[in-house]
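We just call them A, B, C, D, E and F in the order they show up, numbering each chain from 1.
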Amino acid sequence: MKISIQINASPYQYQAADTAWNFIQAAIDKGHEIYRVFFYHDGVYNAHRDSRPPGDERDIVKRWSGLQVEHGVDLVVCVSSAQRRSLLEQSVASKVGGYENALADGFRIAGLGLLMEAVIESDRHVTFGA
Amino acid sequence: MKISIQINASPYQYQAADTAWNFIQAAIDKGHEIYRVFFYHDGVYNAHRDSRPPGDERDIVKRWSGLQVEHGVDLVVCVSSAQRRSLLEQSVASKVGGYENALADGFRIAGLGLLMEAVIESDRHVTFGA
Amino acid sequence: MLYIVNKKGDALINCIDTVSVDDVILLIEDAVYAALATSLPSVLSKPINGVAIYALMPDMQARGIDVARCYKHIQYVDYAGFVDLVEHNNPVRSCY
Amino acid sequence: MLYIVNKKGDALINCIDTVSVDDVILLIEDAVYAALATSLPSVLSKPINGVAIYALMPDMQARGIDVARCYKHIQYVDYAGFVDLVEHNNPVRSCY
Amino acid sequence: MLRLVLKVKTLFFIINKSLQGNVCGQEFLDMALMAAAFDQKVVLLFEGEGVNALVKNQCPEGVGLKNILPILNALPIYDINDVWVEKESMEVWGLVEEKLEISVKSISREVIKKQINAADHVFSF
Amino acid sequence: MLRLVLKVKTLFFIINKSLQGNVCGQEFLDMALMAAAFDQKVVLLFEGEGVNALVKNQCPEGVGLKNILPILNALPIYDINDVWVEKESMEVWGLVEEKLEISVKSISREVIKKQINAADHVFSF
């Protein structure tokens, strides 16, 4: 079946990003389709390129990027959540003098419409929060 | 008296940064000294320069910067919390190709030692969390 | 309806307040502590009529929680079982 | 000892579990909801012997909480009063 | 918003915590507004502690926060007309409809539960 | 760490929630280690749900998380020797000392409270 996922919590401080990742792996293993992962609220911090955890810990941001490369999962970051939380679209960043390369590989920034579309197209919608 | 403050939560998603700010204003008004504000855990997100909230909302990051300019309050961001959370010191950023201008005006990045020094020197230590 | 609960405080209490027959509760993350039998009555001390309660085993193991110390009416799933619960129940409500 | 509590669930319950005579509790942020008199017994229904309980008035007003609907044993402070509580009590423990 | 959507789903947006003090409540309501703009069947349900979010005379400006009452008042403009409160929660918190900022449907827990069970998706925050 | 510190304060670090599942527990223990490195009097207190953080056989690696037991085992190396657990919480959670990963002092709530009241600062997370 088609499953869409929503992540509402920041990485490391909460287990949400970890639980979601393990859930997604299991769903893909069982042949389900992850229609989209939508990052909302503090969940947008999962998409910051500059996160550098210590070498002996999982790299949550890189792990998401890998999910996109390996399984083609659509990773969408909410634009309005992101602006409040220091993650600017490239065009905005270049206009205001911010970080043009802030978004990690494999993510894209878009509006809430993409969450709604995912929810309408999916059989299930699972939210992981703080 | 000397008061040190610790902020453990991200801005906007939690009220901690707002409560702390109101508390600090009242403490300064009463003639107390804010020895240091230390940003730990997700609190480091308070120091990201690129935060762009909508124009009709308070700008939490800018408000902190203003506190430093107006009252000389020492704003310290924990280096290890910051690295996990995409806020790199300028020298590290320049080495790894990250955002060299990530830290907002008025903040500095340093180790946990500065929290301990603040706590030892202060009569009170007040923590604001998620 | 499937409730996914990740904390044992208000999140779980609010969930218990609204569950009814044929609902399923899955305890994940720190909510798995609610599966532990405590000396004082706790929110899951007693079975709930017609409601199946599961705990996510990998989160139990992460916290060193021994099944022998848990209430007998709790059942266990791994992540594959978590996916099955999502497949077989709708809607899904996250309580956090 | 001053407890600063910002949520009315486990954070407040754990605080109540450990308070003793001469302690002071300050409810801030969402914990101010605990000041409201509810029809079911709640954690602050009854005064606690020797423990002063305050709620932060600006957080009450932010949430439209009318003092007339609150327990009579709750007292109120503004931010200046919050600072005074910190000045006059030590240590300060944050429960969140 | 003109848009071709073939499917109409029933979506419950459940508010069971405070909407104040942070941006999450606002962002959560944004989701409901967007769902309505997509012509979905939207139900906004206040239950538990969440019913307190509806009371009149909120002044978050005093602590520098944004007021959410204008958003609640604008719900009909966005075609969100199913605003429900759980009757039992109203009673626990000693609330009556006159104390609320907007008009709502007060519905019992049991009836609400049947409706939720038939929904396609449930959102919470 | 050689360092000239004139004041020695008594600092309580209270763990009353789960240490697992996120980085906060680790970062909290880092604070205690740093305090000890500054030659402060450090007490690490486990109470409430926090006592569960001490049990043996934790396998967070199974969900991709870091194990905190090595940090707990290293506490004496960092000169943190006052590791207390609240007796009443141990009883509520059905724990006995043999089930714990490290050796602790089991102390009653009342005695703990007197000690905390005399502390200079209390840290929580």
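Just so it is clear, contacts are C-beta pairs under 8 Å (C-beta built on N, C-alpha and C of every residue); 3 or more make two chains touch, one makes a residue touch a chain.
Here the structure is a predicted model, which means the values were calculated and not measured.
Undergrad: Can you name the chains that touch subunit D as well as subunit F?
TA: Common neighbours, subunit D/subunit F: B, C.
Undergrad: Between chain pairs D-E and A-E, which one is joined by a greater number of C-beta pairs in contact?
TA: When the contacts at D-E and A-E are counted, D-E has more.
Undergrad: Once you find the CA centre of subunit C and the CA centre of subunit D, what distance in Å lies between them?
TA: One centre to the other, that is 31 Å.
Undergrad: Report, in whole Å, the distance between the mean C-alpha point of subunit C and the mean C-alpha point of subunit E.
TA: Measuring from centre to centre gives 26 Å for this pair.
Undergrad: Could you check subunit F for residues that touch two or more other chains and list them?
TA: Counting only residues that touch two or more other chains, subunit F contributes 17, 21, 23-24, 49, 63, 65, 121, 124.
Undergrad: By the touch rule stated above, which residues of subunit D touch at least two different other chains?
TA: Within subunit D, the residues that touch at least two other chains are 8, 10, 29-30, 58-59, 90, 92, 94, 96.
Undergrad: So which stretches of subunit A touch two or more other chains?
TA: Residues 12-13, 15, 19, 22, 41, 80, 84, 124-125, 127, 129-130.
Undergrad: I'd like to see which chains touch which, written out pair by pair.
TA: Inter-chain contacts occur between A-B, A-C, A-E, A-F, B-D, B-E, B-F, C-D, C-E, C-F, D-E, D-F.
Undergrad: For the complex, give me every residue of subunit C touching subunit F.
TA: Interface residues on subunit C, with respect to subunit F: 8, 29-30, 33, 36-40, 58-59, 61-66, 69.
Undergrad: If we count contacts the way the header does, which residues on subunit A are in touch with subunit E in the complex?
TA: Residues 8, 40-41, 80-81, 84, 112-113, 115-117, 119-121, 124-125, 127, 129.
Undergrad: State the interface residues of subunit E toward subunit C in the complex, per the touch definition above.
TA: 12, 14, 16-17, 47-49, 109-110, 113, 116-117, 119-122, 124
Undergrad: In the complex of these two chains, what residues of subunit B are touching subunit D?
TA: 1, 3, 15-16, 19, 22-23, 25-27, 29-30, 32, 123-130
Undergrad: What does subunit F use to touch subunit B in their complex?
TA: 5, 7, 9, 11, 23-24, 27, 30-31, 34-35, 37-38, 40, 121, 123-125
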